[in-house]
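If you scroll down you'll find the structure; I have some questions about it.
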């Protein structure tokens, strides 16, 4: 399946673009997506944390992803 | 000696006037003054607390009073 | 660094907030006490604050100084208390503090309002439809 | 009862305070975060907040709702966060809550700002004379 991933902050800078399209096996989990992205962009592994958000909620490691989901990569937040 | 006592809030209402002049023995303490006032105005004894202030500070029980002191009777405060 | 006031005029809250701004202070905590429409279940119509002015100002400053001693990172402190007749919604007290870090701004502001209520010589009389009460006077 | 905003315009602090006024609420606590002139010892020139808007708004509302669930006496909650470029002294965030009693106003306001900093999808980049850093990005 085809996933569109929104990128923010330092994750956007590491990848070098604000969105990323990747092909993933059906039923790919949030954990699986992170492993794939860490392999492609090793600098992501140096971050204090990196979460996957699905439809504006933080996703658990085993959350399955779907083509229609709004997926985003969430580096350490620093609002306030 | 002659003491001038400023009264506030419910203490002012109980006594019925904003200041009180009383004669007291030389070296009268804050505790002694309170005893004298409780005797004259029994309603003061019903208050949750009653303190004596000398020159804008709360006085300890055994603080001696002097004619030149600015003395005040402090019923329970309720600012804020 | 410490600004204290006791006034019979409406408190300008925005000015009080501005008074604690500092380039080195990223955190401002403010407590505003307003007149509620009820107290211990009775409808409040208005209230009156009476103050022993000289002692209230002296004690307010002491409370602020104690806060600065306890939280040396405090940059600015403003405490303004109203006196006279107040109606529902009127601002009775404003405490504003600024610090570099936020946890201390909450702790210092809360210390000041809590201590103010214990020691500052101001008395509140609440007026209801059917009477009035000096708050906290009796057990 | 809950008002949330994420804006690239200067935050009107006085309006935020007014928005939580309520006749039944005698206590208003406000936290204001402003841009400090230094961070971990380096002089800050300006900073930029980037937001994942839809998630930030959703998470801000969730945080406010959690506070109301935890302190049911909360009457009104306003949270406004700035995004874009900010300079020293600019207001980055305002949290304002109103309650009948003061202790809960401090606790709820502190809960909201503390939790906001943990979960809301906003990122701060600090700019210094000699570089820039995404705050908290690395251990």
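Lettered A, B, C and D in written order, each chain numbered from 1.
Everything that follows uses one rule, which is that a contact is a pair of C-beta atoms (placed from the backbone, for glycine too) under 8 Å apart; a residue touches a chain by one contact, two chains touch by 3 or more.
By chain, with names taken from UniProt: A, B = Molybdopterin synthase sulfur carrier subunit; C, D = Molybdopterin synthase catalytic subunit.
Every value quoted in this text rests on a predicted model; they were computed, and no experiment measured them.
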In the contact graph of chains, the distance from chain B to chain D in steps is 2
Common touching chains of chain C and chain B: none
Can you check how far apart chain A and chain C are, centre to centre, with Cα atoms defining each centre and the answer in Å? 48
Chain A and chain D, separation of their C-alpha mean positions in angstrom: 25
Distance between the CA centroids of chain A and chain B (whole Å) is 71
Which residue numbers or ranges of chain B touch two or more of the other chains? 80
What are the residues of chain D that contact at least two other chains? 33, 102, 113
Write out all the pairs of touching chains, ordered by chain label. A-D, B-C, C-D
In the complex of these two chains, what residues of chain C are touching chain D? 13-14, 17, 21, 23-38, 88-89, 100, 102-103, 105-106, 109-110, 113
Note which residues of chain B are touching chain C in the complex, please. 6, 8-10, 12-13, 46-48, 53, 56-58, 70, 72, 74-80
If you look only at chain C, which of its residues touch chain B in the complex? 33, 49-52, 54-56, 58-59, 81, 92-93, 113, 116-125, 134-139
